[in-house]
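Scrolling down, you'll hit the structures one after another.
Shared between the two complexes below is chain A, which pairs with chain B and chain C, respectively.
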Partner chain A sequence: MSLRIGVEPRARPALPVRLGVPIASLAAAGLVGAVVIVISGANPLDAYQTMLDSSLKGWRPLTRTLVLATPLILTGLAAAVAFRMKVWNIGAEGQLYMGAIAAAGLAVALPSGTPKVLMLLVILVAGAVAGALWAGLAALPKAYFNTNEVITTLMLNFVALYFMNYLIFGSVSFWRDPQATFPQGKIIPEAALLPIISHRLHYGLLIALGAALVLWWSLRGTTWGFELRTIGDSPAASRYAGMSVRGKILSVLALSGALAGLAGAIEVSGVLKTLDPRAIATELGFTGIVVAAVARLNPLGVVPVAVLLGAVVASGTNLQTIGIEAEIVFLLQGLIFLFVASGEFFLSNRLVFSRPASAVGSA
Partner chain B sequence: MNDTVLVLSIVSAIVAGTPILFATLGEILTERSGVMNLGVEGMMLIGGVTGFWAGVQTGNLWLALLAGGLAGAVLSGIHALLAISLRVNQIVSGLALVIVGGGLSAFWGNSGDAPLIQSFNGVRVEPLLPEALRDLPAVGPIVFGHDPVVYLSWLIVAAAGYFLYRTTPGLSLRAVGEDPAAADAAGLSVTGIRYLFTLVGGFGAGVGGAYLALVVLGTWQTGLTAGAGWIAVALVILAGWRPWLALLASYVFGALRTLGFTLQIAGVEVPSDFLNMIPFVVTFLVVIVVSANPERARRVGAPASLGEPYSREAR
Partner chain C sequence: MAAVGETILEVRDLNKAFYGVAANDRVNFDLRAGEVHGLLGENGAGKSTLCSVLAGLYRPDSGEVRLDGQPVSLRSPHEAAEHGIGMVYQHFRLVPSLTVAENLVLGLKRQGFRLTLRAVQNRVAAIAEEYGLTVHPDSYVWQLSVGEQQRVEILKQLYRGARILILDEPTAVLAPHECEKLYEVVRHMAQQDHSVVLVSHKMEEILGHTDRVTVLRLGRNAGTVNTAETDAASLAAMMIGAEHMPEAGEHALRRFDDAPAVLSVANLEVVGDRGVTAVDGASIEVRRGQIVGVAGVAGNGQRELQEAIAGLRAISGGSIRLGERDITSASPRERSAAGLAYVPEDRLGTGLASGLTLEENLVLKSYREAPHSRWGVLSSRAIASTARDLAEGFDVRGARSQMAVSLMSGGNLQKAILARELTRTHDVLVAASPTRGLDLAATAAVRTHIRAETAHGRGVLLFSEDLAEITELADLIVVMSRGRIVGSYTPETLDIAELGLLMTGAQDQTAGPAESAAESQAGDPAGSPAG
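Moving on to the complex of A and B:
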């Protein structure tokens, strides 16, 4: 007797489905990751135990995870707000670099006696503005010529990367420490460092959490957020209703870039203390896209997901001590992304199992 | 005169452009069916690491390219499943391929007792044609001096152009990409054709990655495509989804990627970071220029259903 599997769309899934599908997706990613670990000759249980121990067990590992989660919250928000309007900003990576460059430059340029509050305000705002302007380079052609922003934002990532490398490795620029034997950036003054909460955890985390709250509220409670969601669902209808789609494209991409640029400034001010291209080019922007997708573009959901992926990243170096290459971390991120993306299908559709009428009759 | 700057730089542009050409051709066929696969970078990387591994194991260029192509096709199969059957947003699914392909290739390249990252491949690549032809002035190195894979790529360009515009299956492919509902009504399998050409696109990207690792660079390194896959995605637009223009565009970008080498032998000094930037700046500008003119943008003509999942029930 044959069983027919049909697909029918469902409206808003019930809460158990909304929570169950992402959890099942994460489990499936873990399972496939385990298979890869077995193939590479290691024990997946050991691997996952090590990951858990080195990232979440105890206060010190937890602070390390939160330090890594901080930029991921911001780049996750950057992706979430743009994707919500179906504007595909893939350029958080480059916008983050530009934010870091602006923040490091100003931190070194301002008199080191500048009061800490003023200094921090200036460099963080500068980072956000730099990120917004860099995103603007893709936003303007998108708004006026409908240029494909996937391509433009992505190309700008590489331009920003090579520009940053040029400032430190390719020239004796204002950013580079002229006294150092090996090419490295100037160390930023004490006044430009974000205060520490505990161990290496800095106040950037609170800024990121604040940004998540503000964005969540703006999307839900303001006209701007309503219009943004409406345009995402139906640009033609929104235009007909008198909304300025062009203005929204510009403002959303600028905001998205600003969040990514802020992440770069916070990395310089809270973690790196200098413009260090190798330490900052760790795919924070791309991981932010994964964060946003797993969080289903919900700004509050971005926070726990960023912590989760921060934990995955944090455990990379410890995995090497048990003989597993740290690159497994990127593979796991990709698998999580893949399974969560397929999970979307099960959130918006249900499978219907039915027996064809004739089969039932003959039974 | 065969070692003048001009001749040498054209030759190196063709070699550097060939991996991009394979990836671009594959993506053109995929997009012609209405499926947009942004995962080219990931498929090139997985094709590169697999092809390199196969090269080390067998020492046979053709087996290595085949292995790379198959690996790319397997990864693109995931995109096909997600984008065609599960109707996941194609941009999201393509980006996932980039991250999975990047992660898996980096993991594989570094793992094991003899990591690929430090090894040399035993594949020998010889020019196809006799020395008498290769020694002709100018046309010798530029036209007759290449390895067999380059000539194969020219054949494939011609075949793809013929297939798209002169054959019934090619017409079917274009019909599915332009108007899947009409193609469906005419009895074509929209899902089947889209699956097939998504896999074909993955195969092309995989071959491109393998050629890059085996022949152009001769070594495996993590993330060795350095954006070549994304350039290929952009070249599909710049070439207006046409195979012959893809050939031209790939070589122009091959020239841009080897500009440093060219300027070096010409004795001009430009910071290498700016040279590395050039292909990306040019792509950025050209994509804007193409879209700025609506008349031209319409004539260039993306497949009308590009990126949109097709569901018979949803009509």
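Moving on to the complex of A and C:
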């Protein structure tokens, strides 16, 4: 008698399962990563030790991790809020660029004597608005003609990227510093810089944490969030209940774009101090999708996941000292996504072991 | 017209149950070579289950299938195909982006790595010629009309060597002129000694295009007769079991002539999902305190009519009034606010959001109103308290659990929907198959709630495929067939046999005198009336 392994869907899993599956997935990613590290000729334990040292051990590495995590929290939220309604905004990357462009532009356009509070308010809001508008370019055709937002948002990423490159490398635009020998953006004034908490850690982290908290509450505790969850769960039931699916597509994509745009503005204001296309085009938007997926689209879950991925990126810097290419961290990132996505299967399904039923039916 | 050969397929005492509900209960069936055998029955009579067993999709719980006298086991569609049994489903299984020839070889084993489509095309052309199935093997499926796609499906089965072809309600998706073409193909196949099982609930189709008919009712055999020796009335009686129907006039007759109309649907026209007219000028009036039952075989426009009334489906003509108010172009929310309660047929997915909790589903229509929310902020305490009250009042279980409703029983879900809909201020209840799939206790509870509506002076429009339910509850029964209201009865004038004929489209009250309509269709198989 052979044992048959089947799969059956399960209800909302218990807390140990919900926590255990992601942890097991991370462990599995680490194991496979270890194999790759061995192949590249290093000791995986050393490698993981070095990574830990340079990302989480001590305050200074930790601040570096948190700086890297800040935009990931925001782009993770951007993906989570849209994905909760099954609107697949793949365009956080481009929305983030547009946010950065708007923030940098206003920062150099406004008089440098503008009060800091006002200046920061203006450029961060401008970043969010720019991201929302850019997402709106995909949201309007989605809402009115049911175009596929995966394609439109994805394509708009390239438009935004080339636009940003054009502003700095392809033209002497308002954003570009005319005095510099090599093409680069104008440095934004002191008033437009986010204040520092410690080392390089800036107050953008608190904005991101606040956004996570507000979004988490909005999804649970407001009619807006209720509608969003209902539409995401069953479009037919939401229409039956009288909800406006069209309006929700517009508002959710705008919010998603605003969060990504805010991430771009915060990167300019808190880290880069100028519109630097090379430094900002590091796939923060795409990584946000990974963050949201690993966090199971829970806004509060986005925070620790973003910190973890931030730590993975931060940990790459010292790897070269022990003879491993820093790129290994991106491989680890990919592995984490792969395993967590596979682990998702075990959260909504359980394995059942059974003996095949004795043959029934027509003899 | 009968080309009767010997028996090639026999089904003996077939039993098949789903979750303890018998779908086929000791069903017997036999098929002769070269015959067209009609399989008639209402929805849920067990036709599909029987066909699915023959097609290898379901395995019977017990019973035997014999081919050419030999017992066979049909454990997969592949095995059924190897035995020469092919089925054409209502929903075609074709790949639109491939050509006809490519679709035919799709999934065939013994196909080399290299496709030799030229040979396929030649054989397809030969088969198509032989059976009068005109389709070009090079055409892409997405370019074909529904009728042509169906021909491809038939062609696919013939190409795979089917000698027994099961057609599951093949004309449900076809325009009238395409139906004629299909019947021609069926005749051709019978002449070539193929056997065809024609599943249908259309009387004229069965009478006009089959040699024998097997009627199923509630999962059991209701009889097998030679088509030439029967008529629409006796088939309808077998199909709906008229002898078991409660006699009319059991519940107190009430008069509604003076009561104001609470819902008036006038000349409504609705286009269905397939782009075909689904509701064709239907008019219905529901008065205060009245229950109007819509009887009909599923798929005759009932769903489209309900959805149009609820505002979930665009209409192409006519008007809908709720009391004095014209709601023809109102949004679903406006209709709900104007006093329309709607219990949809599809409980999980439309009536309830399956991933939300029961609590959340109970306020699905009132979450925007105080005290459930103020300024867009939900009050979980108020929602919990409302949910508790509703659950107590309607005996709904599990209101406090955080379980997704998709895991709850059908009866519980239906009571939850009723609790939500009936406690909102409303003048009219539109309920679609409200007791389908429920156990006896839940059914009784639902019917009690529906009856109680009239005591409050509300009107009810009840859609049901269960005639017993309609005759038990309704003050006025209207019959819907092919998108039109083809007859209406009060309990006094109710004639179950006639109603059965109307339901199955064998007779049309509006088309003229009843006798001549039945006569012309029973006697003249080729001349089908305009649909």
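Here is the rule we use: the second predicted complex is superposed on the first by the 354 of 363 C-alpha atoms of A that agree within 3 Å, B and C clash if a C-alpha of one lies under 4 Å from a C-alpha of the other, contacts with A are read in each partner's own complex, and residues count from 1 in each chain.
One rule holds in what follows: a residue touches a chain if its C-beta (ideal position, glycine included) is under 8 Å from a C-beta of that chain, and two chains touch if they have at least 3 such contacts.
Just so we're clear, the structure is a prediction, and the values are computed from it rather than from any experiment.
Trainee: Using the overlay on chain A, decide if chain B and chain C clash or can fit next to each other.
Mentor: clash
Trainee: Does the superposition put A:Asp53 against chain B (first), chain C (second), both, or neither?
Mentor: neither
Trainee: Contacts for A:Ala237 in the overlay, against chain B (first) and chain C (second): which applies, first, second, both or neither?
Mentor: second
Trainee: On the A-aligned overlay, A:Phe345 touches which partner chain: chain B = first, chain C = second, or both, or neither?
Mentor: It touches chain B, and chain C stays clear.
Trainee: Pick one for A:Gly221: touches chain B only (first), chain C only (second), both, or neither.
Mentor: A:Gly221 contacts chain C only, not chain B.
Trainee: Please determine whether it is chain B or chain C that touches the greater number of chain A residues.
Mentor: The partner making contact with more of chain A's residues is B.
Trainee: Given the touch rule stated above, what does A:Phe163 touch, chain B (first), chain C (second), both, or neither?
Mentor: Only chain B; A:Phe163 stays clear of chain C.
Trainee: Please work out whether A:Glu190 is in contact with chain B alone, chain C alone, both, or neither, and reply first, second, both or neither.
Mentor: neither
Trainee: Quick one: classify A:Arg229 as touching chain B (first), chain C (second), both or neither.
Mentor: second
Trainee: Could you tell me if A:Glu327 is touching chain B, chain C, both of them or neither one (first, second, both, neither)?
Mentor: A:Glu327 sits against chain B, while chain C stays out of touch.
Trainee: Identify which of the listed stretches of chain B (163-171, 253-261 or 307-315) has C-alpha atoms clashing with chain C after the superposition.
Mentor: 163-171
Trainee: Do chain B and chain C touch any of the same residues on chain A, and if so, which?
Mentor: none
Trainee: Where on chain B does chain A make contact in their complex?
Mentor: Of all residues in chain B, those touching chain A are 38, 78, 81-82, 86-89, 91-93, 95-104, 106-107, 110-112, 222, 227, 230, 233-234, 237, 271-274, 276-277, 280-281, 283-284, 287-288, 291-292, 313.
Trainee: Help me check something: in the complex, which residues belonging to chain C touch chain A?
Mentor: Answer in residue numbers: 59-65, 71-75, 310, 312, 331-334, 336, 342, 344, 346, 349-356, 360, 364-365, 367-368, 373, 376-378, 380, 402-404, 407.
Trainee: For chain A, which residues are in contact with chain B within the complex?
Mentor: The touching residues are 7, 36, 40-41, 88, 90, 137, 141, 144-148, 150-152, 154-156, 158-159, 162-163, 165-166, 169-171, 286, 289-290, 293, 325, 327-335, 337-338, 341-342, 344-345.
Trainee: Sort out for me which residues of chain A touch chain C in the complex.
Mentor: Result: residues 11-12, 220-224, 226, 229-230, 233-234, 236-243, 360-363 of chain A touch chain C.
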